[in-house]
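Chain naming follows the written order as A, B, C, D, E and F, and within any one chain the residues start at number 1.
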Amino acid sequence: MSQQPAAHYLRHGQIPFFRLPCASFADPSAYAGAGAEAVLLGVPWDGGTTYQPGARLAPWELRRVSALVQRFHPVHGIDVFGTIAALDGGNVAVSPFDAAAMRERVEAEVAAVVAAGAAPFVVGGDHSVALPALRAAAARHGPLAVVHVDAHSDTSTGDLWGDEFHHGTPLRHALAEGLVAEGQLHQLGLRGAWGGADDFAFASGHGARIFPIEAIAERGIAFVMAEVRERIGERPTWLTFDVDGIDPAFAPGTGTPVPGGLTSREALHLVRGLAGVRLVGMDLVEIAPPLDHADMTCHLGASLLFEGLALLALRKARG
Amino acid sequence: MSQQPAAHYLRHGQIPFFRLPCASFADPSAYAGAGAEAVLLGVPWDGGTTYQPGARLAPWELRRVSALVQRFHPVHGIDVFGTIAALDGGNVAVSPFDAAAMRERVEAEVAAVVAAGAAPFVVGGDHSVALPALRAAAARHGPLAVVHVDAHSDTSTGDLWGDEFHHGTPLRHALAEGLVAEGQLHQLGLRGAWGGADDFAFASGHGARIFPIEAIAERGIAFVMAEVRERIGERPTWLTFDVDGIDPAFAPGTGTPVPGGLTSREALHLVRGLAGVRLVGMDLVEIAPPLDHADMTCHLGASLLFEGLALLALRKARG
Amino acid sequence: MSQQPAAHYLRHGQIPFFRLPCASFADPSAYAGAGAEAVLLGVPWDGGTTYQPGARLAPWELRRVSALVQRFHPVHGIDVFGTIAALDGGNVAVSPFDAAAMRERVEAEVAAVVAAGAAPFVVGGDHSVALPALRAAAARHGPLAVVHVDAHSDTSTGDLWGDEFHHGTPLRHALAEGLVAEGQLHQLGLRGAWGGADDFAFASGHGARIFPIEAIAERGIAFVMAEVRERIGERPTWLTFDVDGIDPAFAPGTGTPVPGGLTSREALHLVRGLAGVRLVGMDLVEIAPPLDHADMTCHLGASLLFEGLALLALRKARG
Amino acid sequence: MSQQPAAHYLRHGQIPFFRLPCASFADPSAYAGAGAEAVLLGVPWDGGTTYQPGARLAPWELRRVSALVQRFHPVHGIDVFGTIAALDGGNVAVSPFDAAAMRERVEAEVAAVVAAGAAPFVVGGDHSVALPALRAAAARHGPLAVVHVDAHSDTSTGDLWGDEFHHGTPLRHALAEGLVAEGQLHQLGLRGAWGGADDFAFASGHGARIFPIEAIAERGIAFVMAEVRERIGERPTWLTFDVDGIDPAFAPGTGTPVPGGLTSREALHLVRGLAGVRLVGMDLVEIAPPLDHADMTCHLGASLLFEGLALLALRKARG
Amino acid sequence: MSQQPAAHYLRHGQIPFFRLPCASFADPSAYAGAGAEAVLLGVPWDGGTTYQPGARLAPWELRRVSALVQRFHPVHGIDVFGTIAALDGGNVAVSPFDAAAMRERVEAEVAAVVAAGAAPFVVGGDHSVALPALRAAAARHGPLAVVHVDAHSDTSTGDLWGDEFHHGTPLRHALAEGLVAEGQLHQLGLRGAWGGADDFAFASGHGARIFPIEAIAERGIAFVMAEVRERIGERPTWLTFDVDGIDPAFAPGTGTPVPGGLTSREALHLVRGLAGVRLVGMDLVEIAPPLDHADMTCHLGASLLFEGLALLALRKARG
Amino acid sequence: MSQQPAAHYLRHGQIPFFRLPCASFADPSAYAGAGAEAVLLGVPWDGGTTYQPGARLAPWELRRVSALVQRFHPVHGIDVFGTIAALDGGNVAVSPFDAAAMRERVEAEVAAVVAAGAAPFVVGGDHSVALPALRAAAARHGPLAVVHVDAHSDTSTGDLWGDEFHHGTPLRHALAEGLVAEGQLHQLGLRGAWGGADDFAFASGHGARIFPIEAIAERGIAFVMAEVRERIGERPTWLTFDVDGIDPAFAPGTGTPVPGGLTSREALHLVRGLAGVRLVGMDLVEIAPPLDHADMTCHLGASLLFEGLALLALRKARG
């Protein structure tokens, strides 16, 4: 269940994530049968976007560029796809019009992955795909430590746009529904002007630990991640990575960009800095290919997914 | 002197269409007070898009480029903005998430325009904004003659995407709801592969007159429009213009392009060919600025709106 | 062996040509087993490009946009994918550096398709992929009628670039090797300045019938195709379509553009105008996605392939 | 003084127009010494642009793509660069800030070309470079027949922008200064809304013959050019070609686009339709490379220049 | 209810900056009446550009993206738009051809703003708009401390381009005219090759303090700004921010880019580092939207303006 | 043999590297005659590219943007083009199809440069142009110290693509052929996933000193370069700079991008950090202009070449 060689990619006109085997999506029980430890699922949904749409196209483009990513992680010193069994579970088939159905379907498919004992890697789509994924993961693992990379707090209410469940609200719901363990929301990269002085009050009131970009710039990402790691300990952990946490120079392909974000190196180090944590799943959201240039954002996204998979491999290898 | 709320930004389109005066959107009765004969309304909605989104941004971009359009129509020989009183009614403020609310709001705002005795010019947004506009117009004028320019028939059922009201269905509803007068749906520019042999059966069964692109290419747009004009006679007429009726070379900025469409000259002549018809309103939809190049599609869209306004002026001038 | 429904495309992260079934490329004999009548093969090769490269990426991008093409051809009135068994045979795996190996491999794979009784549809890549395809087809069917759409004659010698087999020479070799039946090279769309007065002498000397763009513009594509059809009669026919035969406005994504070419409608009518001809294969070459805008050239390319497949279906349906 | 072979272009890092020899600009008398019959001059000036600038960059980009144009014109059947001695005279060095100095300098350099008995081919830059070129040509040849291709009449007054000499006024000055022979302004491609009913009154009052795009579409470019040719007779003729006469689909790289213009084929036929006329010079203006896509407009521009040069060669060959 | 003249379009920027109220530009005395403390003025001028033009379009695009900026500055902990009264004063209507008129008009309008007791925020346009703004500000406040962010020294003479007042000379004039207080020109971000060893001699001779990018990289922006702040003390201060001070990766939309500049975080920190300074005005120049990607430069520009406005609010709040 | 003034650039339509004099490529012995100390050679070759091609176009685009680079290096305090005699040697004319001929020709031309006592600056083209350049340099100077900036190790075998000499193998050959002095391969910027645990074994086995990006980020480029400088000592040194060593945000125009690379400032400092080293030549490769945005990568490339030339000047000035 490892990567195919590059010739396969040339030969086979179609491209699964990282040249991995594909699961038969008609039968998710195949996950367990195949001994899958990680399953990548695309969610072509951008119906929760408030500004520039386009994230619905990310799963296809990320698959395409992920073909360039090899198997061995030189910093961790580990053969990622030789250590864990990963596969491409296809996309969650969603109508572009029905947010409730999307949430239901994503929750069901992520639940099938975790039921098979595998870690889901959800490739959005916009950030509203994260909530059902967190629900399924928390249903299995209990309240989670959540590492949340983003320019925005994503704890808006329904007041602004007349909707409770768009891409600016998943973390509010996750906190309100008890999906996050006490004091275990770690928000990194937040920045930009707020709507008011109490924008972060909800998150803070729920014990969130907020690292605005200024704090990261000042203290360094390694130091920050050491603190995050220590606070998480052995808790089951979910990484929800909104690509707009990264500066538009490195990740232009996103719909609500905010200047002054993470560099690509900081972003990669951020995920790498979770080494040792018990990762139970990850989502990567808000990549909007129509706004990208030279696949820059997609290549970075594929690297971030690889870093996430490497965390799984590393923990397995270390026992 | 502080910021307006975000909804204001949605509502107030600014840089007015064609440098026209703006109506105070707080008070649509101002339309009548101002003696408006045409009111342009933007609808920044693309929640009904099945493939590439982005049409929500069209009202702003069309306003911007429309500033280049002057007032005198040399072919008709008429000073359009000197003949009819036109104004920019702003945008219909819609949440990007709630299709039912969008339809309700567009219908109400278009109804306010027609109630004031003016012709609405609705600038989408995707094609799902046309249905509520047609509802409001038909409520006022009775069943309409509808001239429908498009690559697609837009008479899909809800089967394909699990939704009855996306951008592929407005004409089905218009026919089913009796908004179109008997035998008065005129579809121009249709082309491309169909899903099955009976794709046009619904429209044909309702008496639609279909001019696929091959018919237009063979007979010439002037000849075709003469036939359309004759069949319409004095009926109140609505023009619903999906920009993908035009070839992608001339209108690349659209989400579901189909090769082989109208040229820009044919498109302009098509609208011009309705001279004499009793136009009661128009919508221009499916312009997706993020996919445009050098504002080409937006410039063409502004010209098409000007052609539509010229029809009003011409009819008034001719008595 | 027909198209999958659109939901499949959403669900399955990967995209075969026209949502068709894929052949196991490990076993080309599967073609016959599956009763395939048409097999699409990608050739990601642009090692024969003299100016702007990039055509190597076309097979992936054409697969992606071909997902939007439905099954029923309304002008011919035929359900293409319901009439013929078509499948995606994957890509011919070629090293980007070895032209001789590419030619050998393409010839072998196309030979496997024709050996199975199916018609190959070769999706380049640059025009140098056409020669080995023609060799395999002629080996099976004898000298062919060849319909060649292009801005260039492609009968250069090796003098210019010191190589006999680049993208400007395939037709010279095809003529010299006797792959083309006497007087059965039909060249359409040629234009632009020549290197000298005898640029077309080689082709003419071999009995080629040349329709420069001026002739097509003057006489009309329908008239021209009627003549081509009549001259071909019942001969086995290969269509080699270089997308630069089309004007850059409609097909910007190509490496050696020449202004003044076919419109998209003429290009579609050109292929359609071969209705009734005994088509034994087709290649579509020189689409360079990095130079495309809004997938315009790719969408047109997918439509041209569909038109080619429709010719097969039509002939089968008519007996 | 003919073209260099393609290898020269590869070898020599820099690229003169059409791979022609370069004149030493320090000594324009070299024109005569070299027996030059045509001299190409770039004018990197866009200080007269009212909307989107960028035309200052055209001379470099047109040189680059002109390297692809070969020497033999197959429709006229003439070896253009083998028949006339053409050379690249470099750019007219202009400060981007001083319009008066630009006009003075262009007039002087064009005068040097005509003094040497050669025909100037001026590559703008915006349309304000045409006036000084016309002045120099008329000073030599007397009042000229002027063929003016454009979307705009370019006979504005200084009222609109507070300046008499921007890119919307060159033809007004040419008429007012008597540079145009009585009744010998031929304007082709005009279209779009006017500022008022008398926009063309000035030109008409000076006997201009106006062919709006509708007339060309209806009568055909061949018929129109026959009429133009006949009216010109043996008069010395200048062709001033504003690329926005062409539709934005074919020529997106321009600063004030107007939908509905000439196709690329019509544009090429237009110039070709001047065969036999006594051409004494040409300018090609308003190509704005930053707005172009895939060099489409630049390639078309290079072809139009080649068509102009072919007119010279043809007349010489025919004696 | 007819069209406004074209000058209106130039004048009235619409979509107001940061969704602020608009001043009636017919009556600048309204500034004082409204108690304005900050007035944003667009200057759509790029007639002083030596390389790639396009900055004339920045005021419209910056207004558009500024709609996304909220009101509360979390680092300073201040409600910016709730603390100071800011409004959009529209554009300074300038002909694109008359640099002297532009300078006169900008000086007059900025003078009106400062006369009303408000701080002008001038949004260019190219850097030549800064000189008249500095003149008006110094006329009111006396010689200023000037913080100048740029890749270039902007102290060129008229020798190079034959003009004294283009975008490479504003600081020379400001120094020569005594607009800058003794030793109070602070230049940050300078880099790239010079024309000669004494390029900075003029500035240095006038007591300028130059922080080339290497100094900023080595010492850190916080340290540098502390030094700047200390040297400025309580002097009235103007911030002139040329966006090419920032690296092209973060600000590609500019006409004379120089690699190796400020990061977006450094740029934001630079402005933030002026906290406490007595800012009397700011200009932001050289954003060229046609060269931008995904609005990256415009978003950053809007953030920099917000940072400047926050300085005003902060000083007011602190008394 | 110094730079021409900017007016020359305006005047002369064509643009040599840095506005330098051009060598007559017919006679390389002219190099010595002219006393050349540095010769810039373009190599328009991308036939060794494994993913996205386009690097063949770099020599033209780099010449164009290099016109903006001035002569004085302010950090080193040296007038580069006043200190050393540099000239533009034109392009090495290569067929795009024959890799062996390219290597032979590049080696011969670089040999001619070194034979004349000048340092070659080779502007690719893809990285396969480096091997013949290194051969020619080592033939003259003996085994070299090689500073290799890259995302990739470029020590692949022929296994992957069936070819020994593509753009992923030059360093393997250089090591195997003894072109590199013992322990004198310094690789900087390497990163991304490997194909296996022993990817760097070949290089390490040959004594290469590898500085992956993580080491540079942690230790700082200045520290790293001090170490490199010390290890090199007085050895003749070649700098081979693959632009993909830089992060895609700063250098998007390249065919095999890897996220997380050098910043533009680090890249410039890297070359600058070689001050004092005995540089005998440099190549700059893998810039693919079709993938660039706003010439960002080309501007950075021109700056890197200037930094390399400054090293020569500095060493000469210091004696």
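Basically, contacts are C-beta pairs under 8 Å (C-beta built on N, C-alpha and C of every residue); 3 or more make two chains touch, one makes a residue touch a chain.
In this text, all values refer to a predicted model and were calculated from it rather than measured experimentally.
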{"item": "Any chain that touches chain E and chain B", "value": "A, D"}
{"item": "Of all other chains, the one whose Cα centre sits farthest from chain C", "value": "E"}
{"item": "Distance from the mean Cα position of chain F to that of chain E, given in whole angstrom", "value": "38"}
{"item": "Inter-chain centre distance, chain C versus chain E - centres from mean C-alpha coordinates, in Å", "value": "56"}
{"item": "For chain A, residues contacting two or more additional chains", "value": "247, 249-250, 263, 291, 293"}
{"item": "Set of all touching chain pairs, with the criterion as stated earlier", "value": "A-B, A-C, A-E, A-F, B-C, B-D, B-E, C-D, C-F, D-E, D-F, E-F"}
{"item": "Contacting residues of chain A [partner chain E, same complex]", "value": "51, 191-197, 199-200, 212-214, 217, 247-250, 252-253, 256-261, 263, 291-293"}
{"item": "Chain F - residues contacting chain D, complex", "value": "7, 10-17, 22, 25, 42, 44, 59-60, 63-64, 88, 90-94"}
{"item": "Parts of chain D lying in touch with chain E, wherever the complex brings them together", "value": "46-50, 52-54, 56-57, 95-99, 101, 160-163, 166, 290-291"}
{"item": "Of all residues in chain C, those that touch chain B in their complex", "value": "6, 68-75, 77, 79-80, 247, 249-250, 263-265, 268-269, 293-296, 299-300, 303, 306"}
{"item": "Chain E residues touching chain B - in the complex, by the definition given at the top", "value": "1-6, 8-9, 12-16, 18-21, 34-36, 60, 64, 67, 70-71, 81-82, 85-87"}
